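To keep things clear, I will list the structure first and then write my remarks on it.
Chain lettering (A, B and C) follows the sequence in which the chains are written, and residue indices restart at 1 in each chain.
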């Protein structure tokens, strides 16, 4: 009897927890789901009131027209471009930002505080009008229509360095670094063989943020990569939306299949890098 | 005890600070000395029919859908086999943001750029970002005499430079549903005034039916669509007062009469309202007819077209073509040939009209048989004659660099009048104060 | 070759030099790509700089007019500060507990929940706007349906009036970024050694107590990061109000209800073509953010020392 009286409120609590998690999940996920609902309807039934809540039958037709029929934008080429640009951005950003963050988190050196505050300050500068001088610079460098215009300037960005510093400050024990030095590792070795593996959760988050940012960057890609063959998916979809003259189904199908990989990547990456206390990541 | 180290540090930081300021100042000097060299002074080369020209053209919305067809047509290819055009297209916002950035940076744009009217003054009154096509070798006046007057005038700066050529226009008319109106004993055809419009609208309103989707739909009509005309001839903003008060009063009257459905523009219910009988009318540009016919309400049979109440002559948008000053001299003449072709040949104008319902700016096409054809969707009435008549009788508006500033202020003000937060008088005074704080 | 190897070794084994080498990419890139735009914007702010052409030096006039003749700047600052609290900072109150919950191995399906909560951050703006249009529509929207039929109150004019506009933007911001912040905190949680919880449990601390005594203090560096990001992002808020209120067609909606500092900056620069005035706002905004993040840093330092 005693056992029952303890577990009953316990069960209520668990029930309430899952109910609120499920409720939140519904609210958060519904628009994402709705993207696919729109993509699966023909134009005639797309905007019905009350709104469609279930898939229509036109998803395959919309995708088919997008990939095989329309010739206005090279959808698959743009898809590949987006993947390549995002992957290159993520890899370089992870490397340089973890490196910078590591220095600020785990070394004592003259000017460290000033450098940290300086890096933070550059984040505080509103970037809105920078596009004009930045564009001028890219033209002067001859980087228009080159992917590097989107990749290189942000490789060692303040936000990434800041994130990695904050992450590594508490989670990498100094003793471990000293032990590695005694073992004869040089500082680069310590960075790549000790810091990188231990910073995995932080790097996982940075990778996701960077990937999403690169994937969804419209204006930068549109201005810097004007050639349709070398540009990204986001730009191609905007162009297609403009030139396809009311073929919403096709455009929304493109939007949906453009976003889907982000969720899959997140699901896999978060499982790998930032899931539970199972990996035995840090020994205090 | 304030240690030597701290003092030293402070000293170093101070020095760092001074150094930083120095750097910035030096940079400012470098930048300001550079200026932005523009190509306007370069002499433009004559068009050479034997040379191959590869041009780029920046367009927005569905323009590429039409121009790509036009420029692939046999008629164009036989005339200009040596001109190839590739497009850079985006939605309205993306296109103009890109163009604004490139022009502000003083860098190369596409050889031909499509523009919305409000950008013309912005790019030109503040500097010489677009070529004056009145100059040789373009000599625009001798080519564009047949383009509709008000639109040609809007492509000019206050100093009379022709920097943009109208390619399509949007004469405003009243779209209405004849059967629904008749059932309610109302008539929307050729109304004499907005008071009459409100009177007829009351008859159709009720049981979930309204006259217009939103009171804001009528807001810009008395102001000729808000495309220019925000300053009077003497340069005073929001003058003459009567014209602007009319707009505010009309919006307030429509909302007070309860004849608008209070729908958010372009929301799902708004789009549906044209097909499911929620609304009976809407004032809009000619292109709206194409949207109704092809996807908004393809199954409705009683949409009709008539003049705006009181035969108001108004225009809701339109497209212009221009050659930015950063275009290299060797491409300019060919770009001009393409612009001339798109704007001044009946073939191009009618094909564009046919493809995307963009109404021709070339008045000679108004005599073409297609303009008096009965349109099946609009009850077999020759509605294009109404569009043409409005186009020919549109008064010219003064265009200025402040138009965009005032236009967005007006957009906010209208919202407050509709919600009843401001009376029309209060709204006008507030708008005037806000405008004055922005322009100088 | 050997010279390079030797140099490599020299740097590699030099604990004094290594950190400078590690942070050098940032400064190299900043010198090449960052300094010019910032310097250029300072230059613009001192001139009557138009979209095309420069009408000459005006000193600090672009700055002073913000606090004198300008009819919009004050409203923009007030709106931004309100939205900063209700939109950007409020999220952390939800994000931290959510991160703790989905991080617990005892929660079944936590990986799925995590992905579902993160979805708003990657959902396309088009779908977001359509959905929010449906939810917040004052006649047909879900929210007003609930308010009118379930709560029996009068519906709210969500996107039509100045006050409700701010509520709409706040809800949109929370919805969009709670999952994002949750993920940042999730990463932070991975750095906390499990043994600490076990030790606390042995001492008889309950779950809530454990998190108050262990999780929160050890999460401070990440909280500092998350809050700094929200402060910066909140003061630079642009996208959501811009899309929701029809972009450049209005000045931040009816009654400037959704006019933020950055929104106004973009109107001045891109819509009105007054780059000089826009740049002046950028610098004022820069100093506001600098002050606020410094205060945030000092508070964090004190908390961390405790």
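The rule is simple: contacts are C-beta pairs under 8 Å (C-beta built on N, C-alpha and C of every residue); 3 or more make two chains touch, one makes a residue touch a chain.
Nothing here was measured: the structure is a model prediction, and the numbers come from that model.
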| item | value |
| --- | --- |
| Chains in simultaneous contact with subunit B and subunit C | A |
| Longest centre-to-centre distance from subunit A, chain (CA-based) | B |
| Distance between chain centroids, defined by C-alpha means - subunit A, subunit B (Å) | 36 |
| Chain centre separation (subunit A, subunit C; CA means) in Å | 16 |
| Overlap residues in subunit B, where contacts from two or more other chains coincide | 97, 104, 268-269 |
| Per-residue multi-chain contacts in subunit C, two or more chains | 36, 40, 130, 134, 140, 275 |
| For subunit A, residues that touch 2 or more chains besides their own | 49, 51, 132-133 |
| In the complex with subunit A, residue positions of subunit C that touch it | 9, 11-16, 18-20, 22-23, 25-26, 28-30, 32-34, 36-38, 40-41, 44, 98, 101-103, 105, 107, 110-124, 126-128, 130-132, 134, 140, 175, 178-180, 183-184, 186-196, 218, 221-222, 224-225, 228-229, 232, 236, 238, 262, 265-266, 269, 275, 278-279, 281-282, 285-286, 289-290, 293, 297 |
| Interfacial residue positions of subunit A with respect to subunit C in the complex | 17, 21, 24-25, 27-32, 34-35, 38, 49, 51, 96, 99-100, 102-104, 107, 109, 112, 115, 117, 119-130, 132-134, 137, 152-153, 155-159, 161-163, 166-167, 169-171, 181, 186-189, 191, 201-202, 204-205, 208-209, 212, 216, 252, 255-256, 258-259, 262-263, 266-267, 270-271, 273-279, 281-284 |
| Complex contacts: residues of subunit B adjacent to subunit C | 23-24, 27-28, 31-32, 93, 97, 100, 103-104, 122-124, 126-129, 261-264, 267-269, 401, 404-405, 407-409, 411-412, 414-416, 418-419, 421, 433-434, 437-438 |
| Subunit B to subunit A touching residues, read off their complex | 13, 16, 59-62, 64-65, 68, 87-91, 94-95, 97-98, 101-102, 104-108, 268-269, 271-272, 291, 294-295, 356 |
| Sites on subunit A touched by subunit B in the complex | 43-44, 47-49, 51, 72, 114, 131-133, 135-136, 139, 218-219, 222-223, 226, 228, 235, 238-239, 241-246 |
